[in-house]
Structure formats: C-alpha cells, structure tokens
C-alpha cells in the first residue's frame, strides 16, 4: 500500500467521520440554530476532505479543478441555505433553546 | 408508400391539443372543428389505403422494430380508429353546445390529448409505447373527470387516478419481465419467440390484472360508476365509449397476437367467470340505482362483462367458432361504443330537461321530449342486445360460438344478462312514460344536443345492418389464430 | 465485497421504503421517501445507469419530494389522521398482506428463471448509433430510435400541468408574490443564475455524448425558475395565461413540427434528415428543456395559489 | 335486381318510413300526420296487391342483405307471407282510421302513431321474413314497438301492464333466440322451405331437433298466448282500443301464431313434425287453451277482458289447425288466421266505440245499446256470430275446415273440442247480444259523448263497419278466387305439392 | 448472484411493500408514496433483470426507465393537485368510502 493510498484513506475516513459528526449534531442539538451550525460546518469540512482525497487520485488538472469547483459551490450553497434557515427561523421568532430542552413545535405539528 | 394518413392519426390530435392551448377562444373552436374534420378525412384516407394495400406497418423515425417503434394499421386498429373518430367528433359537437365557455376552454386540450392517446394505442405494436399511451389516456381521462371541479367528481377522479396508476404499474411490471425474458418490446417479434413459461405467465398475469383494472372488470370496478356517472355528460360518453376500450383492446391484442387461445383453458375460463360476474353484478346494480347516469354507468360494467366472454371462446381447437367469437366481440365493442355514447348523451339531455338527477323526475318526459327518449331507447335496444342492432349481432355471434363449442354456461349468462339489461332499461322507460300533472315544465335542450345523441344511437342500430362492412375489415380466421 | 455493498443498499432501500409507509408522522414519511430517492440514485449508479441516477436525484427525489412537502403543508389543515395500528385486525390488512406477499412471491418466482433473451436489442443500438446523430446511446434511444415515446411522454407532462390549471379556482386571487426579502439571497442568486443556466445548458449539451439530456436539464432549469420566483423576479410572466401555456407547449410544438416535416418529403413521422440528425435532436432537446423547466415550475407556482389554509374549520 | 324484386322491401318501408316521418313531425301537425299515415297505408295495400299478383303467378320476389358472415336478412314474398301481409295491410288502414278518430284531442299522438306504424312495419317484416333469423329480428322489434303502445296512457295500471307484457314477451324472445341460435349453430343456415335438409338433420340428431322445436314453439307460444303463457294478454287490455285491436287481430298474437305456422310448415315441414310426434302435444295444448280461454271468457264482466280471453281461445284454433296433418286442417288453420283477425278487430272496434261514445266498459251496462248505436251493435253482432261459428260469417268456414281436417287426420276428439268451444262461445256472446238488442236501457249512460251523432262519429264507425262487412264477405264469397279461403288453398297446394 | 440481479430482487421487495402499503393505507398521500415505491421497484426490476440477463449495461431499459420516471412524476404531480383540491373542499385526506362512519 503506497503512501498515497494511506493518505487517501485517511482523508476519506476523516471526511466520512465529519459527516457522521454533523449528522449526530443534527440529531442531538436542541434547536434550529445549533442544528444548522452542525450541518453546514461539519459537512463542508467533510466534503472538503473527501474532495481532497479524490484530487490526489486524478490525472488531469481540469478534473481536479472541477472537484474544487464542486466544493466551492457547495460551500456557498450551504452557507446561503444555512443563513436562510436561520433568518427564517428568526422571522418566525423560534426561540433559542438551552441544552436538554427539546423543540416541541415541530414534533407537535406532525401529529 | 404514403405516410401521411397513418401519422395523421397522431399528429392531428396533437396539433389540436397545441392549438387549443395556444389560441384564443374563437380560433380555438374553429381550429378544433377544422381538425376534427381533418381527422375524419384522415380516417377515410386510411380506410382507402387499407382497402388498396391491406395491413401495413410504419416505422417511426424510419427505425424499424424492434429498435424503433412501429405503428401498424390492420383491420382491428382501423375499426377502433374509425370508432373513436366517430364517437369523439359527435361528443365534441355535443360538448361545444353543452359546456359553459370556461369549461369548454379546458375541455378541448384534454379532449385532444385523449384522442392522441387513443389513436396511439390503436396503432401501437410496441409494449412500452402502449404503456406511455395508456398513461396519457388515463391522465387525460382523469383531467376530464375533474373538469366539473366539485367534491364528488374530485373524489371520482382520485379514485379513478389511483386505479389507473395501479393498473399501469401492473402492466409495466409485465413489460419489464417480458423484456428481460425476450429482449424485445415489439409485439410482432415477441409473438415469434413467445412461449408460455413461468416468467412469461407471471408477466402476462400482471399485465392483464393491470389492464383489466383499467377496464373496470369485476371485481376491480368500483371506481367506474362514480367516475362515469359523475362526470360532465360529454365526458361520460367519451369515457364509457372509448377510454375503457383502450385497455381492453390491449388485452385482446396480446391474447390474439401471443396465441393465448392455445393456452391452458383455465385462463380463458377465469376471464369468462369474471365477465359473467360483471354482467350479473352490473345489471343488478343498474337495476337498483336511482340516479339516471349511474344506471348508464353500471350498464357499462355489465357490458364489459360481455366483452370478457370472448376469451374462453377463443380456442384453437375450433377455429371457426373461435373466429365467430372474435368477430362477435368486436361488434359488441363497437356497438357498445356507439350506443353507450348515445345513451350518455341522451341521459345528459334528459337531466338537462328536468334539472334533477333522480329517476322519478323523468315522469312526463316521453310526452314532451320524445326525441330524447327515442335516442335513449334506440341506444337501449343495442345495449339490451335486441335486434336489429349492432349489440344484437355481436351477441348472436358470441352465442353461436358458445353453442358450437358446447360452452352452454356462457349462453345462459348472456341470456340472463340480456333480461337484466332489458329490466333496467325499461325501468327507466317506464318512469318517462308516467303521465303527470303540471304540463310542460321542462327545459328544451338545443336541437344540436338532441341530434348528436340521436345520431349515435341510430348508428348503433344501423350497425346491425352494416355489420359486414366492419367484419370484412378483420382478417379471416386463419390469420387470427395463426 | 461489491455484493455486500449491493445487499446493504437493498436493505437500506427496503428499510426506508417500510419506514416511509409505516411511520406515524406523515412529515417523516415524506422525508424518508426523499431519502429513499437519494439512495435510489446510488443504486442506479451501481446499476451502471448514471443517466437514471441523475434523473432520479433531480426529478424523482427532488421534484417529487418538493411537491410532496408542499402538499403536506397544505394538508395540515385537514383532518389528517395518521394510520392506526388498530387496522391490523381489519380485513383490509389481510388483503394488503396477501397481495403484497403474493406480488413478491410471483415476481421472485418469475425472476428466478434463467434468462436467455432471444433478441439482442443492445447490439442493434450500438450498430445504429453512428446513424443516430449522437454518441450517447440513451439520448439516441430517447430522441431518435424511440422518439415517439418521448413525444407522448412530453404530452403527459403538459397534461399534468393542465390538470393543475383546471383545478385552480376561478375566484382565486392571483398569486401575491411572497418572495423572501433577504438581501443576501438576492445578492447570491444574482450571482448564481448565470451559473445555473450554464449547468442546465451543459447538461443539455452533454446529453449528446454522455449522461445528461433534456429532462435533467429541464429539472435544473425549473430550480432556477423557482429561485427566480423566490427572489421576486419576473414571475408575472407566469401569471399570464398565454405565456404560461405557451411555455408548456413550446417544446411539444417544436417536436411535432420537426417530426412532421419529413411527412412532406415522403418520409415517416419523426424521421430526421440524413446527417443532420444531431442538430435536430439538439434543437428538440432545447425546446423540451425550456418547456420541461417551465412546466415543473408552473406546477410549483400553481400550487402556491390554492387558498387552502382554512384553519378555522372544524 | 329490378323494381319488382324490391317490392318486399318497399312493402316494409312504407310503414317504416311513415313511422320515421311521424316521429319527426311536431305534435301539432295532426292533419299532415293523418294524411301521411293513411297515404302510406293505401300505398301499402296497393303494393301488396301487386305482390299478391306476382305470387299468384308462381313468383317469389326476394330481397336479401348479408348482415353477418353467412347470415342474411331475407325478405321473401311467398304465398303464406302474403296471407298475413294482406291481412295486416288491410287492418292497418282500418285501425289507423279508427285510431285517428279514437285519439282525437288526446295527447302524445305523434308518439302513438309513430310506434303504431313501426309496429305494423315489424308485422310486415315478420310476414315477409325468409328465414328464421329475419323472423327473429322482426319478432323482437315487434315487442319493442308495442311496449310504448301498451303503456301509452301512462297510468300506474298501464305501466304495470307494460311490465307484465315485457316480462312475458322478452322471456319468450330469449327462449326463441336460443332456439334460433341453436338452429343456426347445428342445423345450418336454412331458409324457410328447406325442409329436406331439416329432415336430414332431424334423422341424424333427433334430440337436438326436438329441443329446437320445443324452444322455437315455446318462444312463439308466449306471443300466441298459448296456455300457460297467456297471462299478459288480458292485462294488456288497459291499452287504448286501437292498440288492443292491433295486438289481438294483427300484430302480436298473430305474429306468434304465424311463427308457429312457419316453424311447423317451413322449418320442419309438417310431414316431419308429424312423423316425429311433435304435433300431438301441440294440438293437445291448443285444444286445452281453446276450452280454457272460452271458459275464462265466460267469467269476465268487462267487455274487453272477455274479448281478450276469447282471443286466447280463438288463436289456438289456428294452432290447432296447424297440427292437423292433411290439407283440410291446414286450410282451416290458415284461413282462421285471417278470419279471426277480421272478426276480432271488429269486436274491439265496437267495444271501443261503446267505451268512447257511452262510457260503457262492463257487460251489464250494454243493455239497450242497440237502439242508441244500431250500426255499431250490428257490427258487433256480426263479429260475435262469426266467433261462434254461425254461417254465413267467416268463422264458420274455419271451423268447418278444422272439423273435417280433424276427421281426415284421424283425430276425432278434436270435433268435441270444437263443439264444446262453440257452445262456450255461444254462452258468452249470446247473452251480450241479448242485452244489446232486447233489454231496455237502464238509467243514464255512464259517460255519454258525441250526442250530435246518431251512432258515433264516422271515423270510429266506418272502420268497424268495413271490417264487419269484410268478415261477412269472407264467409259469403268463400268460393270466389279472391277469398282468403282460396288463397289458403293455394298455400296448401304448394305446401303439400313436393 | 450478480449485483444487477440483487437489485432486481430489491425491486421485487419494493413492489411488494408498495402493494401492501397501497392497499393498506387510506390516506391519499401515503397511497401516493406507495405508488411511487411500486414504480421505483418496477424500474429496478426492468433494468436490473434485463441487465443481469446480458451481464452488462443495457441502454434500452435505461431509456425506458427515464421515460417512466418522468411519466411517474407527472402522474404524482397530478395526483397531488387533485388531493390538495379535495382536501381543500372537504377537509379530508381520504376518500369518502374510507372515512368510516364518523
């Protein structure tokens, strides 16, 4: 196993781990604001790591640039959508929650 | 080789759909009727072409099957195309007078898409293309049902949509299995390689269940009466006369092309039993309805049962009798299309006259609106299968076939069904013959409405005298059973 | 190893399917369904069908999901009863169980038969690919070999949009454009629009040689339109009946027109002139992309104008 | 195909086209409608006369149209057909005249006369049918076109009668349909008169043949009102008088009887039917119906009901005649088809006149009507005497031939049936005549109208007088070449010739 | 077992679940989801099975599935429009016959 492969594996696993952490945050965090935080930040990093791992594998520069472009676009998109969600939540006056509290309104609406 | 007439069957209604969506009201109507004329003419040309060169195929995009999709004109396709042209034209005329402008505006595109779908189904000899055609048909039909936009018709449309979607998926499942097994979608090629294995039986089973659900064969019928009974009158006529025929047509095509007449008789027997149940149940229910259009809708259920009876009678042991059943089935389908459309239109006129749905409100109509009752009655003659009518001729051939094959149970069912249908139709009649006080308090439908209903009914009677014109288009029995 | 991944995927697929049907909350059901769509996209990749994967992600999961969520928001107002497990005792349950099990049994039996297709259609596809005007086989099939199917399929789409218009109440007020007055969104989207269009057109262009094509491009375009709408730009176009319907039928009309031209020269319907098939296919695809985008967008738009929030009703 | 060979079609079309035109005419165009109706009836009589001349010259004009593979609609004018067609055309004219008078100022005349003409068209079709298939078609058409006439009044009672009528006739139609279908499926496509092939078929499969015979006769027996299928006939009496006349004398009942004649003579052939022993049960049923009908007639107090049961009995004479092998019995049956039609239509016209002019429906109200309505009563008397079988009225001729035919066929017991029935006939007609002529009027007439006329209005009176005169003439001039009797002889000669 | 065939069996499972849910549920939205599952299952069978017969990618069924997906989306959209209209009119998300005696 070459060094490159080890590096790649490391990056991939780290990226996947970031995704897992982000998802865990989504489940565990108490309110909208903290949840978007977990999602956008962790996922961007995770994606970045994975893209990096893939770039190590490609031959052409064009392809590498494309991968980077994807990362960039996703970052902008998630930043924007994170902002929008927070902004809308603020508009609707959704309160901040302390750890341990659970958001009731979403659940109750489903039933 | 002239490609125009066959492609015209699809292109003209498509143009109609486009035109009716794009143009303003006046031009929309004008162009629609111009295109209807064009389509009628196109059908006539096609008929001539068929007379001169017999059955022919045409590869769409010049890619022959199995790679491309081939359309095929044979006698069966031509008969159905002519049938839909006649019924649809008259229904369009009726709708033009009957519907409010706002409804009419929405009616036209649906109508045209419906026609596209019908013609594409009649012509297609490709399994997947038939699926797309079926979906187009169902969605157009659902749209038409929902046209009146009240809660009742919405519920009917939803019920119909779900049944239709389930049916399409069943069909598609079968197509998937068949493609995987035989590697082709062309019906012609499939028929060359086809053999009844386990997987192809399962495939056909799914396809038939799906198609029969769309046809509303008992016991998968419960969506039909509210949808056909609750829709606007010209829509009911189109649905009952044409739409249910499409899925049945595919069943018939598959059955004959794949030579299922040599299949184990249990399949045919099952179809026959379902048909018998439909005849008796539909007739019985029609007899107990209090709403005129529901009577007519349930009668459609019963009539579908008659079509089903041809399957147990198609057998390769007795080609002559089998061919009689085939011819009889086609005649019944055709007669039902004409008569049921006429009957729905006439029923719509009657409802228009009284303004009420209840059968009791019909009292006195026979005195003041005899023409509508007459139209209803003539259609009823064909539905009951009394001579002289297309319905009778079809029934006669089926009975003959059953007798020649000693399948007496179907004869019994047909006769019972005839009596039941006579009972429910004359029941409507006896309401109209009641004499009541109060003079002529009914509205007068415009003559165009009355005459369009009457013309369809008269056609169904005339079919009783001109059956040979139709049957001559069909191949002789050596070809049908291959 | 690969089989293990496949099996895992199938298990996830079935699990998600069960969850989306039997979870108590409808909202979650829809969520699981969207998730299922994404997993399906992966499955399609595993099935060597990147085109379908694209379509599934964009159309299947994306648009269906959005429409479902949108409908869900409206259905909140209704007496929306979650499925009761009491149903277990009803005959309906047994009917469902028997039918479901029967379907599985029959299909599994049918599938387990060894296959030996008599006709090798894929060979014919590759043989004729050079004459089709494009190099990507799926585009060749969709827009040349079986373009008749595609024609009818576009008609189905138009029809669906038409039903939406039909059911729009005449007494309804036109849509009040409730765009999001967020400055950041405005700024970013203005930046993004050209890019989204570019992506859409790229998908369209790429379709000739690799995965992509009119439907995927149309879905992206629809997304662009929706964003347009959200920032409050130029959506009055969609309020006008002529533009609305004109947009729907543009692609279909172009298709019919191009398809019927050969009839005048004695060629069958939908035949492309020799050696120019590629251009005509691109032309048709362009029209279809615009129309599909417009249709999908107007579905979204028309759903906005239904006055469904009758929260005060019992 | 020359004009003459199309004649059968034109005979049919005269009433059919008239029906269509009448349907389309607005309700108010009474005069035009009557003109068309009478014109068509007269044209038809002219055509029938032409046709009769052709047939007398040994020609059989024929029109056919293939409607199903190997199956044709055939209209053929043979001697037997002309007997029935001639009767129908004459009585159509009379009944139409009568109906115009009867329904003056009544609603729904357009509908009535339309279906009336359609009904006659179907009768023409039945008489001219050249094979069983054609016969079946017109037979069912007859059912359909008479239903609106039966329920014409639209009262609950008439609607109920209509239901009964349909229940009987449609069930009969179904039985007939099965019979005909079996016939075509197994015996093949045989036109009327191809009895040799039928004999061959019967010898190879006797059971099938017997079943076909049973079904065919069973189907026809409903319309012919043979016991036990006669229940609809008295119920249908609620219809207007011209309809009753039509039902009893021309259309429905006769269609059944005529069908039985066709089946026995032209489908199976009388020799074959006799050899196979089909005829004896039929003659027993017919005999029983004769006696039973007369017996029931005796118990009725309503004039029309009594006439109805009388019809049940009289029509069975025809069937009885058919079952008697040998020329004499056949002549008796055939000629009674015509005679009974003439006499019964007279009686119904008169009953209608009594009802319309004086409001009389019950027999006991008839006292003294002879003075108020002498001509109607005279016609009634002639009809009644004919029914009893008193010479010189036509009924005597039929009974005479039936009696001698029975003796020739070696069925002596039939004589006793004839005598018994004649006695019963006398028992239910003579008291009526006695009341009319010899009893004084009791109080007011129930509901008198047309007081300005001595008897009743001419449109009602004249048809009754014509038919009465015809029934006397048929008896008086039975020996002449133009009489029904000599035509029946002609038929018989042709039937027994080969 | 090839991975094509595995997915074909997965499609079979989806179809079964879809049919089960379609018949069991009365809520129209859930029925619609069940219909979509059924559709996806069918597509999987179509592609998976025919490719497993050949052992390589087969473009014909893939093209068919693309068409099928679009048609299914159109049908779903149409159904949603109907369901929403129905719900707006009646405040119910089930058909009358499924609403029970309440």
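Labels A, B, C, D and E are assigned to the chains in the order they are written; within every chain, residues are numbered from 1.
Methods note: a contact is a pair of C-beta atoms (placed from the backbone, for glycine too) under 8 Å apart; a residue touches a chain by one contact, two chains touch by 3 or more.
Keep in mind the model is a prediction, meaning the values are calculated, not measured.
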Residual chain groupings, excluding chain C and keeping positions: A | B, D, E
Mutual neighbours - chains that touch chain B and chain C alike: E
Per-chain CA centroid nearest to the all-protein CA mean: B
C-E or A-C - the one linked by more C-beta pairs in contact: C-E
Distance between the centres, which are taken as Cα means, of chain D and chain B, whole angstrom: 42
Euclidean distance of C-alpha centroids - chain A vs chain D, Å: 97
Centroid spacing, where centroids are CA-atom means, of chain B and chain E in whole angstrom: 27
Whole-Å gap between the CA centroids of chain D and chain E: 67
Residues within chain B bordering two or more other chains: 128, 132, 135, 139, 142-143, 146, 149, 173, 177, 180-181, 183, 185
Residue list for chain D, restricted to those that touch at least two other chains: none
Pairs of chains found to touch, sorted by chain label: A-C, B-C, B-D, B-E, C-E
Chain C to chain B touching residues, read off their complex: 106-107, 109-111, 113, 115, 117-121, 124-125, 128, 144-149, 151-153, 155-156, 158-160, 162-163, 165-167, 169-170, 242, 245-246, 248-249, 252-253, 256, 259-260, 262-263, 266-272
Complex contacts: residues of chain D adjacent to chain B: 23, 65-69, 73, 107-108, 110-111, 136-138, 140-141, 143-144, 147-148, 151-156, 159, 162-163, 166, 170-171, 173-174, 177-178, 181-182, 184-186
In the complex, chain B residues that touch chain E: 128, 131-132, 135, 139, 142-143, 146, 149-151, 154-155, 157-159, 161-162, 165-166, 169, 172-173, 175-177, 179-181, 183, 185
Interface residues, chain E side, partner chain C - complex: 1, 3-10, 12-27, 29-30, 32-34, 36-37, 40, 43-45, 47-54, 56-60, 62-67, 69-78, 80-85, 87-88, 91-94
Chain C residues within the chain A interface of the complex: 24-28, 76, 82, 180, 182, 184-185, 188, 192, 195
